[in-house]
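Letters are used for the chains, namely A, B, C and D, taken in the order the chains are written, and counting of residues starts over at 1 for each.
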């Protein structure tokens, strides 16, 4: 077991609200425990470039409420090569970093697993992605904030939809995971929700919308489309619906990257603080290649390999059923 | 001069936040003055259909904070015909409506002018459109709220833009008017703003972005594109920039109709209340074919014909200059 | 087992964001299952007064995003008497109500338990209170929204605190439960948090603030005080601190009832929808005197008596520790 | 006329949202014009202490959206003495500052006027205060944001007020100026508004509330009380009302300093950018002892002495009347 004196912390992959709150917790917990902390910019790219900075308590003052990540993030193909990782390790060693805390998604976890095994350096991973599709935690950092951002947009669109009797298709993030779409769709009172995990036939969708129409609800129909839906996104769904269902004026809205930003919700800030704190504690206990997460109200750990090799879709069966029921 | 006992109120054209606050002010001011009020649904379409409702103080309770319009709105081609207006007049007469308050934009004003002249019915118009492009008022209902909606989106996108060193193109509403684009662009700290009123050469834009890059500002460049920009919208601008300027990862965001919704800002609610109040007062003074608006802190009136035949772009020259200056 | 044809739904006790989303889910699930639904106004008071309304799908349109409760709520001493409950039962029977769904807190649950036992009427309870202090669910309706409301206030106060080097005491709701204070305090980056569950000596608080001061953090110190803190609320804490610790300009803010309002967060809307759906399903399964709640991502039930007789404080030990650690 | 090479910029008095956007505009405009800029911390106190910093384009990156002021602010009694100003001038001279831009309220303007006359140093003042009570501008920095903050609080409180049939008294900022109270009260749909500028007899208030009650509106009465109201603030008004008008449960909310914080609205950011830009331009034109402000859509200047010696209450007579009318 390594005697840890300095940890390195970085964010990698897509940024997510709460990453700054998490960096703050990692840094302050480490300092409290008399460790030093190196901030690594731009994830694995920064390891390769030796793009490091010393973190003090002041470095993380007044960042808990900020979206994005002060350590920035990047994609890094070179780290996928043996040579890349060798270069990274040299920089890490030269900086005196004994252990790592990695905040990110699937790709981040995989990179950390490789690196830790190859160079025998302890690493704890924290699930940070708005998609909420990682195994080992009920929630990932940023998911709650992103869902709130989406429902604010839906609430606004419903105002104008209701004033005009229009049919709106709103595309939200989620290439493989329908978590944001399903939750924001339920929370936004959407008439229908199209998910990557479940094929939705256009005819079925039209039948559903027509039925709602028949019940006199036509004035504010909103359909949420996850970007990974099998019909090819909101523009395509709208086009196909329009070909067969002429009644409405239809409009499409692509929320895009604004879903990644914004001040984190209370839920995400608390989650980030707890997981950052727990990650440092796990390192100090001598643990390695673990993820930290929450189950119910408790912080839990999962072996990194298990987290990587399993998928956990958080689409409970009651939620899929209630979409149908509540849209009546 | 008609002895007014009952007024009709309607919203027409694109909906805008603040319309409900304005309806409330018209209704309550009229009731206070012992007039009766008929709510006309869906603008001119509702006149044609006789789609009317009696308005009481209760009808407008708890709506001041709601986006959209409880009276709904629609486009109506039939009202542009002589026959259409004749049918509308019959319904209006049958309902005992002596005078009208119309809330909307250019098209609404033109329809009201025709109708009032043809059937000698008093009408006062209130400028309601997020575009802020009407003559006769410093501000139109909904513009302030829409601009705040846009800067919230920009603020969110800047979080993620800054975390990734990306170039973002954000398309905002404004087919003929750059008012939202210019104000939200300045307020959002955008690097560049493309307006319908002003041709922007792509080469110039690239030169500007490269210069900013050279000054080390590349990490969070945001370009606002009004939908009516002469380069053809944000997707086209992004494509053209990308062909010549390879450095960045670029992303496009189309805010779309969420700009029309949302709870109105304090500014819009106060403006709506003042103008609704003033419209009824003008009718009672015996005025006809006027618009009400604000200049500085004062409510003013403008003859309807003058409002229709003039354009008022609120792009002060200092603002165009300061876009260049502040982006350094 | 009763053959249920009509259910009654009501909200009781303090209102909480998400109650409307929950009413909507109860109504629509019941209608979907071919049941009729009676809305009971003002909780137990409405039962006594026979203040009922027929609920249709339309009754609950466009309410998912609204704070408060469309069925209103009230305190009702008379229902605590045998005579009061007899009168209530007569009204309930006369209205053909076979079963009840009650949304509220501790007092609501106790009333429902009594009533159900006395008159053998099935009842399912849904935990709705911003305090998050009910047994049987990780979260109660409204708690997440209230916590977000508090951190928005903290974020705003931090702006001005930082500009002036001031010490702020912010009082938040929580007579017996420190759940909002602890979570919002962590999420808001507070220097110290005073909870009802834990005595905090003023000297200790001052020592803690002085230490932070010594580390150069004095510019933005914020102390969160739950209203049930044993020092007697924020004004008293501020006064006692001021007597001994003269350095700062101190200000007190009492957030008060704005913590109960606002559009519910996505989390609360989804929770409300799931629990309303589940409550009706439980009634249809023939269950009685249960609460519905969530544990992790799953909906669970708890016998009503167990829920009433147990307390569940959701203050995890790691969270109490990290308040100390993160404030360095 | 001085040949200006370096300007000093500072914020003074109470902080207001938009001050950072204004500092950014001053700095970037000056740099664009090839001037150097010194940031002076904590207003006049920083002049006395020589608490200065060099401002670059980077110093003001990513601050346009932040509440508070990065230059901080303070009250400074010593600057009111001749000796204090002498010391301040020495520091200013030593730092090579040729001219000043001061952002603040009445006290800030008065100090600037004295200093400029005594030491013949050019100064331009920018009205920054949430109270909107300065002569020479339709709007002051921060007022629009503060008003929006207040209506968000009112909207939240109305949710819970409506659910319980309660009477709420909300105290808002404004010791001498009822501008926030009047505008937020109208925008929030308040039943009554108590202003410093106008005595309101408690009996009259009760009569007004009773009348509303008689019209069946009792369920959501909200009374806005400016802190400078002559009845002594919301607690006192509530107490006096309660003594005579027993029907309601009454609650008091003191919003306090959260009204000073928060991300500035689009209106305030644009206003701040324009005035910061204009202030530097005025200095370059050789002007001195002026304020910059807006009238309608145009930037205007006013001699500093005139601004100091006049009061401008922005309570239009139509607004005072419509409070009565709209509360029916």
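Keep in mind that, in the parts below, a residue touches a chain if its C-beta (ideal position, glycine included) is under 8 Å from a C-beta of that chain, and two chains touch if they have at least 3 such contacts.
Just so you know, these numbers come straight off a predicted model, no measurement behind them.
Trainee: Could you tell me which of C-D, B-D or A-C has an interface matching A-B, in the sense that over half of the contact pairs are shared by residue number?
Mentor: Comparing residue numbers across C-D, B-D or A-C, the repeat of A-B turns out to be C-D.
Trainee: What's the chain with its C-alpha centre farthest out from chain C?
Mentor: Between chain C and every other chain, the largest centroid distance is to B.
Trainee: Using mean CA coordinates as chain centres, what's the gap between chain A and chain C in Å?
Mentor: Once rounded, the distance between the two centres reads 28 Å.
Trainee: Quick check: how many Å separate the C-alpha centres of chain C and chain D?
Mentor: About 35 Å separates the centre of chain C from that of chain D.
Trainee: For chain A versus chain D, what separation do you get between their C-alpha means, in angstrom?
Mentor: Distance between chain centres: 39 Å.
Trainee: Going by the touch rule set out above, which residues of chain C reach two or more other chains?
Mentor: Within chain C, the residues that touch at least two other chains are 155, 158, 162.
Trainee: Taking touching chains as linked, do they make an open path (line), a single closed cycle (ring), a hub with spokes (star), an all-linked set (complete), or other?
Mentor: Looks like a ring, each chain touching just two neighbours.
Trainee: Touching pairs of chains, which are they?
Mentor: A-B, A-C, B-D, C-D
Trainee: Give every residue of chain D touching chain B within the complex, in rising order.
Mentor: Touching chain B: residues 21, 24-25, 28-29, 31-32, 57-58, 61-62, 64-65, 138, 144, 147-148, 150-151, 155, 158, 162, 183-184, 186-189, 215-217, 220, 263, 265-267, 269-270, 273-274, 277-278, 295-299, 314, 316, 318-319, 321-322, 325-326, 328 of chain D.
Trainee: Could you please specify the touching residues of chain B with respect to chain A in the complex?
Mentor: 11, 15, 17, 66-69, 72-74, 149, 153, 155-165, 168, 219, 251-262
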